[in-house]
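Paired with chain B in one complex and with chain C in the other, chain A is shared by the two complexes that follow.
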Partner chain A sequence: MDIVPKRYLEEHQRDRRKMMHFRLQQVGMGVLLLVLLWMPQQANGYVLGLALQAMIAVVGAIGLNFVVGFSGQVSIGQAAYMAIGAYSTAVLMGKFGLPFLVALPLAGVITAGASALVGWPTLRLRGFYLAMATFAVHFVVIMVISRWDFVGAQTGVAVDRPSFASGDVSFYYLTFAIMALLVHMAFNIEHSFVGRAWGAIRDRDLAAAAAGISLARFKLWANVWSGFYVGIAGGLSAAFLSYITPENFPFFLTIQYLGMLLVGGLGTTLGGIFGALFITLVPEAVRFLPALFGAGDAISPTLLADGQMILFGVIIVGTLLYAPKGLFGLWEDIKLYFRTWPFSY
Partner chain B sequence: MDSESLTTLMQTVVNGLAVGAVYAALGMAVAVIYRGTRVVNFAQADIAMVLTFVFWFVMGRGLPWYAALASSLVAAVLVGLLIERLILRKLVGEPLFTVVMATIGLSTILQGLAGILWGHDTYRLPEIFSGSFKVSGVSLLKTHLFSIVVASAMLAVLAVFLSRSRTGLAMRATSSDQDTAQLMGIRINRISALIWIIASLISVGAGLALGYSQFLSLAMGGFILKIFPAIILGGLDSLGGVFIGGLAIGLCVSFAGTYMGGLFGGASSEMVSYLLTFLILMVKPYGLFGARQIERV
Partner chain C sequence: MKGKMKLGLAALGITLGLAMQQTATAQTPGISSDNKVLIGVVGPLSGPVAYAGRAELESMNMYFDYVNKELGGVNGRQLKLVPEDDSYDPGKTVAAVRKLVTVDKVMAIAPIVGTAPILAVREYLNNQKVVAFNGKAADPFIGNWPYLFGLGTPYEIQAAVGLEFIANDLGAKKNGDSVYAVVPDDAFGNATLKGLEPAAKMQGIKLTVEKVPRNADQYGSVVTNIKRSGAKYVISGSPRASTAALMREAEAQGLDVTFMSPNGATTEAAIFDLAGKRYANHYYGAHSVSQWEDESDPLIKWARDRFRAAGKTEVLKEKNFFYVWGLIVAKTVVEGVKRAGPDITREKLADALRNMEKYDLGGGVAPVTYKGQSLLITGTTARISKGTLADGVVSLKPVTPQRSAQVTISLGK
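The block that comes next holds the complex of A and B.
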């Protein structure tokens, strides 16, 4: 039973290309970087909040991608791991008095440990059964944090942003730096032997084992890296929200992250980034629809939520039906078109 | 054992069976689809919710219950056909992750639509039966009896249909070997459409059972997550297994609620079924009655 489409060869060929091959790409990256660094100076609170959400989503989606996209293990415990990361950050800062920049990576490590702890006994499971096991974990984790008084139970717990980045603008720069570092790391992991081993396991595990790849070890590594990234995303979102309760980590969060991977393209870091941006930003457009049709800008919160739900579902189903390789696939097609122009291939 | 604790025990069993019957009913719908098309339908509870809303809506217009039931059944046929035709047929042969995500997308679409159409409130279904029977201290709510009867009846009808009718035979042939079935002249597309229709019809029963034993609201869509333990326990591709799994999980939940209430801060009844799921997956991943596939790492 295949979990994700086979394209190991394709991936191998892409690996041989450098990350930034053309002058145009270098210039483009430079401009993008400048825009992102300049943006918070101009943006209002709403835009800044969206940007922060998007960056946190990028980190979380890359993390989930290690397990689901790269190594082909369907995990639906994302929300639980984000909760572990968020609550670890809160506890390490609140109860142990650690500074944010120490607590955050530690939270990542704790989440990585939790993820490995779940990953180890579930190595034998695949597909739907693995998904169910991780879902059971989700339920248990959420149950524990909503009953455990040490972490605030139902009332939740406050998380302070670091003193040097308490405002939205400075927190934006901090998050941006962390995200940039993690994205860079992710590209390196993707192109290292670990990333290629994951691809091999996903595409044909028997062949991978025959080629000398230890399935158990690399699947565990996928869980560890995924846990680390997702834990950090959770910690960042805790600091972003500044107050967390169990309600911040519903099962729908997991679905949103899976949607990001699907829309962006499974099994590529760039795809995860595209998907995270798309799923965070596009449903916001529903907010502006009434104004567009001249119906005033009044839209009730429930109607907005329902509209966003529908749009999200339509995006998912539409992607599956009409662009199964996701935005990353479209991106590759566009690049190919211009590279080979005026020929068709 | 004194008579009072015996009554408590019997009451726990009865309640557990009633809850379990609802799990079993919806679980059967999921199992029918999985057997026939290898799709795990995460939208099944949402489909049940929409169909129950149709029932509620028609009854709210002052029409009798059989008119409401009929319109709900007609809606079920339409919904099943549409979903199969517009989405799932185009994804035949895709990996499991893809089709599951499609059903999840479908689930959010249905949630959003139902939210816009019928609002986010919690409703009570119009009463047709109320009150309870009492047998030597053990009370059986009529709504509970309704769940048990509906679930058992649906299992019986389905079993007879699958084993006795020509179409049922074709469905079984298709699920055991699609290519060969096609070579024998079975129209796979029709079978797959039929499977979705049958599952939607089962959802009507499950939705009504759920709606009458609890409430009617958008939150019913989340019920799918509660029936997965039952499906896992029984075995994903066995109808009878899912039925028994549903009853067993219902009993578990009920017993945990009565006798382990204090554990896990009062959350034991929900916790137990998930811990059990994890355990089953570790020990016997294909459930009690599921087809064994051997996989090793």
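The block that comes next holds the complex of A and C.
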């Protein structure tokens, strides 16, 4: 008989590995954070611009994920809600003189209200019918902002950045802080009762109702939170562009965001982040492909332009076929591989 | 599982690698490491308006090749075009412009196509002090934008000249005929209305306006409305395919009207390739820049001869105004580079352009003057061309010289 049971030693080794894994995650996050905070000091305007667009996309994608990924509803009004957020920010700052840091969350609240206003009468709709309802929202919103002189109509409206974040670097840090806060909130929502209720509604709504989850209440909450996040993304986008017109919110923007969720992985915050980064950065990377392969001017710019569009479609279809869980699924597989190495499972 | 994991790792690696690539092609802003002057181009090379961006790029490439190979460059330097696609999406325009300015470090961006795209980047370009060329809606130029240059007459003035032609030359005013304007519900349509409405008021012409979605292709109710209004003239401010759809519907409903396109961006004989020939002889277009098919214009003839010599017959067959637009932008920016001198910098180029006065391009557009202009858009005149059907081919022939608008249009805010 062993003095120290073998089984105890084996369990202790497993626990030690788990602790190391947890610390590894913390160290990894720390390094990532340092890189993201140090990067703006070294990056040029192009990289900074891309980083800003990516961060704004992260916020918008997480917002859309609440409705589409977490609670399983269909929404193709993303561009419209971003427009509401953007124009609300512009009007609150320009017409009412509110500072940016007050106007932005207010714009989020206004967009949340608009989303709830649409979500309430459409609670009983599903699938194609819900899609059509949200599709109609897009046209109504764009029509209103195109003709309403108060918001500049077709001419559009200028949006100033806050004075303390007027430059690209300072605006980056401001956007990063807002994004980090919203991502943290999203993770908490995902792992809270609300997040689990959404998952239950998405997977088996009748069973969820039978278990006492109010479908109406939680679906509406999904719309509200989604509207809040997307409104803030719209406001940040307006400040980044510094001038917005209705043409900044075409229907294709909605398709892009849906693409982010499909590629990144529906139903997880991390999936929304992965998808936003991927869809924002990869098409831009195509611009550099000729130089990367030493082709220089040999590849026609029109061919490259067509290539970007084709790449977007191929990525979406490829993800649906071969990685239905998206980049998040791939990420989980990678982690599992290293966690169980050298074993297969 | 392992296969997918490997694929995922490979995709992640490639993505990160590509995303971190930066093509540093310039040592000093505007001059590449091999001593070429870099001129950026941002336009729709993909998407529904790709015909515009591609035509411009084709013309600009042709002209730059000519300058480099036959004139030996400018001030001892060759010129190099650095094109980027934005699919007419302002979000992509931002990324494309920032790449051109900070990574490729171009001397100027000539042009950036479209009103919404330029509005998204003009502040950035102003802060970076980089010259950019844009089209002819006046709105983007209103305010203090000393690095933003336009070519040709503003759309507002072209539209006014067109309506005044209908009123006076076609006799609408005398006969009490009314006009129906169908314009896209966007900034471009807005600019058109800014010219049409005051001109109609001054001429005492009844003008009915109907706004349609951009790129609309269903005009059943619109044509019914036109019939009900009794208008004899229809002004269509939509791009090619959309105007063609309107004409087809008008023909289907037996509408007997005369059509007019109110500005150079919509005045195209190519419309009739899609619309059929019913209204070919009842079509007019207002424009400040010459038509691509107009070989009576010396510059157009020169350009077409060069494409002919290069065997590019498909370019000659196209009736696309943007070939002309690309050509005149290229000529103007090359002249600016020349005037800026051998020690060219971005600021010197901007100064050279701002001091440009009555620069004659040899055709294509009226002589360019930026000096003393409150808005850096050249041109205050437009001409009218008429559609003519001969041997089954529709062409546009000028019927008036360049003329100013009678009405005064306030372009500033």
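In this section, the second predicted complex is superposed on the first by the 311 of 345 C-alpha atoms of A that agree within 3 Å, B and C clash if a C-alpha of one lies under 4 Å from a C-alpha of the other, contacts with A are read in each partner's own complex, and residues count from 1 in each chain.
Everything that follows uses one rule, which is that a contact is a pair of C-beta atoms (placed from the backbone, for glycine too) under 8 Å apart; a residue touches a chain by one contact, two chains touch by 3 or more.
It should be emphasised that the depicted structure is a prediction, and the values quoted were computed from it without experimental measurement.
Partners chain B and chain C, once the complexes are superposed on chain A, run into each other and clash. When the shared chain is aligned, chain C comes close enough to touch A:Y243, but chain B does not.
Within the superposed three-chain model, A:P105 lies out of touch with both chain B and chain C [touch as defined at top]. Once the two complexes are overlaid on the shared chain, A:P121 sits against chain B while remaining clear of chain C. By the touch criterion defined above, A:V47 reaches chain C but does not reach chain B. Of the two partner chains placed by the overlay, chain B and chain C both lie in contact with A:A305. Within the superposed three-chain model, A:G94 lies out of touch with both chain B and chain C [touch as defined at top]. When the two structures are aligned on the shared chain, A:Y337 is found in touch with chain C, with no touch to chain B. Of the two partner chains placed by the overlay, only chain B lies in contact with A:L321; chain C stays clear of it. Of the two partner chains, chain B is the only one touched by A:G259; chain C is not.
Only one segment of chain B in 134-142, 170-178 or 224-232 runs into chain C in the superposed model, and that segment is 134-142. The interface of chain A with chain B overlaps its interface with chain C at residues 143, 147, 153, 302, 305-306, 308-309.
Taken together, the chain B residues at the contact with chain A in this complex read 40, 87, 90-91, 94-98, 100-102, 104-113, 115-116, 119-120, 222, 225, 228-229, 232, 236, 264-267, 270-271, 274-275, 277-278, 281-282, 285, 295-297.
The part of chain C that touches chain A in the complex is made up of residues 1-2, 4-5, 7-9, 11-12, 15, 18-19, 21-23, 45-47, 50, 54, 57, 83-85, 87, 89-91, 94-95, 98-99, 101-103, 115-116, 119-120, 122-124, 128, 139, 185-187, 189-190.
Chain A makes touch with chain B in their complex at residues 1-5, 68, 74, 121-129, 131-133, 135-137, 139-140, 143, 147-148, 153, 205, 215-216, 219, 251, 255, 258-259, 262, 266, 302-303, 305-317, 320-321, 324. Contact residues of chain A toward chain C in the complex are 44-50, 53, 143, 146-147, 153-156, 240-243, 245-248, 250, 252-253, 278, 281-282, 284-289, 291-292, 301-302, 304-306, 308-309, 322-323, 327, 330-331, 333-334, 336-337, 344.
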